[in-house]
Amino acid sequence: MTEMIKLFVNGEEVEVESGKNLIDALEKVGIEIPHFCYHPALGADGNCRMCLVGIEDGRPPVVPACKTLAKEGMKVLLDADNIKKIQHDVMELEFINHPTDCPICDQAGECKLQDYYMKYEGTESRMWVPQVTKRKMQDFGGGVIHDQERCVACGRCVRFLRQITRTGELGLVNRGDDCRVEFFPGRPINNRYGLNVVDLCPVGALTSADFRFKQRAWFLKRAESICHGCSKGCNIMVDHNKEKYEDDIIYRLRPRQNEQVNGWFMCDEGRMTYKLENDNRLEECTLAGAVRPLADIFADAERRIERATKVLFLVSPSASLEQLAAVQALAEKTGATVSAFSDGYIVKDDGDDFLIKDDKAANRAGVDLLGIAKSRTHFDNMAKEADVFINFGNDLSRSLSEEQIGRLFSDTWVLNGATHPGQLGAVMEKKVGSSIALRSWSEYHGVVVNCDGIAQKFVGGVMKNVERPDIVEMAAGLGSPATGTAAAWALVQKKIPALAEFGGFLELPAEGVKLTDNEAGK
Amino acid sequence: MAAKVKQLPSRGGTPAEKVYLIEIFKGMAITLKHFLRNLWDNSNLYVRHYPEVQPDIPARWRGRHRLLTHPDGTPKCVACFMCQTNCPADCIMIKAGTRIDGVTEKMPVSFTIDLAECIYCGYCVEACPEDAIRMDTGIYAFTSSNREEMKIGMTEMLSLKGGFPEEEYQKGLEGE
Amino acid sequence: MSDRSKLIATGKPFKFDKKRDTEFEQLVKRYPSRESMVLPALWLVQEQESWVCQEAIGYIADRIGTFASKVYEVATFYSMFNLHPVGKYHICVCRTLSCWLRGKQDIVNYFRDELNLTPGKATEDKKFSLEEVECLGHCGSAPVLQINGEFYENMDVDKVKKLLATFK
Amino acid sequence: MTNLDIIMVIVRVSISAFVPLCFLAVCVTMERRVAGFIQDRSGPNRAGICGIRAGGLVQNLADGLKLAFKEDIISEHVEHKFLYVLAPIISMAAAIISFALVPFADTLVLDGKSYVMQGIPWDTGILWFLAITGFSVYGIILAGWSSTNKYSLLGALRSASQVISYEIPMGLAVISLLIVYGSINLSDIARFQGQTWLGFIPMWGILLQPLAAVIFIVAAFAECNRTPFDLAEGESELVAGFHLEYSAMKFAVFFMGEYVAMFASSAVIVTLFFGGYNIPFFDTDFLIRNIKPVAFVLLVILPVFMFYFAKWIRRNNRSQYLRENDPRKAEATIYIRCFWILIAIIEVFLLAILAFAQPDTAAAHLLVALMQICTFLIKVTLMLFVYVWVRWTIPRFRYDQLQMLGWQKLLPLALLNIFVTGAIVVALG
């Protein structure tokens, strides 16, 4: 445990962690100090002056909280008249040239200027001189749109690109009221983490071209999830909304703080994976080419599994632990073989040392933990022997070409559970015996283990109009003993003792569970 | 705070009133008087003979919605969704898009109001920061034989004209 | 203040000439880190070209090994870097209080009327260019003109006339 | 049984069965227009056939057609469908039957035979009415219970307890009347009221038994589920009470049953307290004996009445807004012409009677019977007006007020009335 120190805020004693600046330390105990330029990931800059607090009997009496370490016995004044005046005046300064075009600003609703205005200023503008006009709707590259008028020159975006990505595309040019964020002509934002500046921007100066004008922030429902784009397992917030008479769709993904995994950020590719969740999804379950109710397909498949001599299940390395365990249990019951062959999920030399990984599967570590074979030879051998092949959401078209798939399953009855069309190749899918449209990761709950062996829970908040089964339900429909997510979780706990202490996956801590090396690294 | 409350004498305390019958007959006499007067000559009825006699609509009347335009004919609406956010009946459906005519950056691509669901509360008008939506068309009778026709779109709302002179409408706003 | 963030590109690649190149390499040795070289390098550019173009900033950034945006920041922050082409004689008129009270406006008006020279612009023959600057620190002898680094004090329209005649 | 007997049975039964049904239209129109006039509205005045609106009567036709052609829904949750369908029928049938024993004219003597002018010539009289109206509550209870709906059930429960509470004062009020009249036969009662007291005061029940009249009328209101006692429906708290689940024709039957019950109880009230079919001051014998003067008086009165009636129609049958060639004025002309034709026909008949009829002949008897029927219907209509008038004046009681009135006020008063009446009757021998 970190050492705790005692200090006084407005005369009241509070206990905070030592070694932190005042903003962070007091935030932990629920006391807010307003700030624009400070961001825990970027460090203190001290240029906005919004976080000035009074220190009683201190020298100097007024200090920026972002640069001041919390010390034992410190007497912090937040509600002194001079502090209130500072906050009020800083806000007034920020608003001198602010266009106040909240109606058309995407940040409205999650904008610090708005929040602080309501909290710390709330007065009408006294300005009568014309405002300084600057460029609006400037394309910064990388899907970032900049509005110079809304900028408060906090420099978070500049510091992110210099300190975190070390590409430094942006700079604060000019000075005084003419100060603005610009990229050097011809060198726009061009890196794989550029969209993080949109989240970092405390106001609406930087907005995402992708999300721009799609939805207002206050309509969006949030679901705490894990990015399934690669094996890093960045913590994300799924912002989705079901508009009247329409389907529930995701509008954007935002990073969620998790110091162990992704810090505060995520990559641009990961952000865009939401499009896969919305568009081009399989909707119908078919049996011999005809749309049929799910129960019929399950009954038919169950009969075929019983009659078959050799059955092969293929699971996706992105499936949650529960789903993998459910399929495993089904395999144990029916004597089938489970494979997690997914060589195509690994993209060589794509990853970097920050967040992006080569392996584009969200739960490969989990596959290993549950002891599911994934080698190509194993899969090939089994595929040749099998006369019934059931795919549980594995995008086989990534690993094998259409021809190869066709050759492997030329005389095999195939049940294809998939989220998107084309996962077995377009030609092959016309020939499959049955197909089931599955739920995707934004629509179910579960636990995945990332490349560092951290088991993390995720919640699927999206409720599509078309009812689809997830893999646990599909396995249960085919006769798996794990009839629900809870039963599957019990199976997972049997296989992975480190998770045994958690009654349900929701009890997993928010920062995830670091599985020990011998468990994770098997 | 001691508010000054006017004390009214309480009624119904006298024995004659407690019997009720006398009061009942008093009341019946009143209704009978009305009945006989109107039976004798029905020209004094307080009835507007509606489709033939149309009511006078004041400028504050909340009728059907319209979208206002700038003098150059472009819509004033910037698709800020304030009306949709404030709509208690959930009847406004907006799709926003980028605006290229240079007036602002954002404009509605589609703006639909389901009049079958609208409760004509006027919150959308009050919420609008751009004075882009008003309910001053003076159209109060609006029927349709199916639900789809009750949805009105952007072009239709833009084409509607206000039913009152601007000064009269503004005067109506002051009264609120 | 005019918007200095719009850099002007010449369309030609920029390179230090030999003299500045060696000067640059010598200066590098004087500073603890290469990033400290931004200001001296910009001075070298202005010395060589009399103004700083977009290509020059990119060149310096690459030469120093820092972000172009950083050099860009510095160049736009300091008003003594000319970010647009200037004339042969770059005239800076102090516009701060003392000079103003002592008649700087007459001088500016003279330039405007006689030479068709307005602040921020150059004459057509690229001989003169004018800029109004903040305090030059010679308030005791206001108004002050600074022409290509040289100070001319206690100016009035007549003196300016005579002075300009010497440049011709 | 002669042919005349058979004809008279048919006539009597049809009068007692169809007059209440025909009066439905009068009731409903009156309800609407009186309500309108009391509230300074105009009531229904648009529906018409070729511009003929008949003062709102066509609106009833339209409503009836609408109800007849509406989809008749029996909800799936209704378990006892038979009882559900039976309920409105009971309600309606009980209402019609309860009128069967009310005399609408004095005993008619034709060819030396007397015919009692009531639907069923029984002597049970007022007891029949009490019995049958008590039975009509079964319709409501069945409807409320079989609807499988909380509101309906509550309405039915209220109705049941209300009927029990008010049957008692009603019966007791009737007892005091019976002490005075000395008979339970309604014909006897009506004939009794044909007498005059001291030569100029008609011996009507309302004068002999004012307290019983008040109690009976109040109880009759309650029995009919009319405002202020319509707690069984109570739109504001029970939505529509017992007939909430009923639609189309089944609802219409309930609706008609209510108005028929209203008519029947009006008829009974008129018979008990307002001299029944008697024309005040002129008893049957007097009229039959002086048939020629009576015919002459009618001959004179009818055109005079029609003249003023026509003026009233002209004044009120017009559009209330500016309209070119007001069609309603043309309509008024048609009405007036029709009425004049009707009057002319009646005049011809009266002239014939004046010229040829002798006192105490069949023609004289028939004319007097017709006059009495008209008198009776006019009286009933006025009583119906009172029903409507009360409905649009007095608000609904609360349930506890209703029971308090029944048990704590009406019941003791009725008992007191019996005691006092008995004492007086005994004292006067």
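Each chain gets a letter, A, B, C and D, in the order it is written, and its residues are counted from 1.
By our rule, a contact is a pair of C-beta atoms (placed from the backbone, for glycine too) under 8 Å apart; a residue touches a chain by one contact, two chains touch by 3 or more.
A quick note: this is a predicted structure, and the numbers were derived from the prediction, not measured.
K.L.:
Farthest from subunit C by Cα centre, which chain is it? Let me know.
P.N.:
D
K.L.:
Starting from the mean Cα coordinates of subunit A and subunit C, work out the distance between those two points in Å.
P.N.:
Inter-chain centre distance comes to 50 Å.
K.L.:
Once you find the CA centre of subunit A and the CA centre of subunit D, what distance in Å lies between them?
P.N.:
79
K.L.:
Need the CA-centroid distance for the pair subunit B / subunit C, whole Å please.
P.N.:
66
K.L.:
Measure off the straight-line distance from the CA centroid of subunit C to the CA centroid of subunit D, and report it in whole Å.
P.N.:
Their C-alpha centroids are separated by 110 Å.
K.L.:
So which bits of subunit A are touching at least two other chains?
P.N.:
In subunit A, no residue touches two or more other chains.
K.L.:
Quick one: which residues in subunit D touch 2 or more of the other chains?
P.N.:
none
K.L.:
With touch defined as at the top, which chains are paired up in contact here?
P.N.:
By the stated definition, chains touch in these pairs: A-B, A-C, B-D.
K.L.:
For the complex, give me every residue of subunit C touching subunit A.
P.N.:
So the residues of subunit C in touch with subunit A come to 1, 3-5, 7, 9, 54, 57-58, 61, 66-73, 76-77.
K.L.:
Spell out the part of subunit B that touches subunit A in their complex, as residue ranges.
P.N.:
78-82, 85, 90, 93, 96-98, 104-106, 129-130
K.L.:
For a test of understanding, state which residues of subunit A touch subunit C in their complex under the given definition.
P.N.:
Residue list for subunit A touching subunit C: 134, 158, 162, 167-176, 178, 180, 182-187.
K.L.:
Could you list, by residue number, the parts of subunit D that touch subunit B in their complex?
P.N.:
34, 36-42, 312, 315-316, 319-321, 323, 389-390, 392-394
K.L.:
Can you list the residues on subunit B that touch subunit D in the complex?
P.N.:
Within the complex, subunit B touches subunit D at residues 24, 27-28, 30-32, 34-35, 38-47, 49, 52-53.
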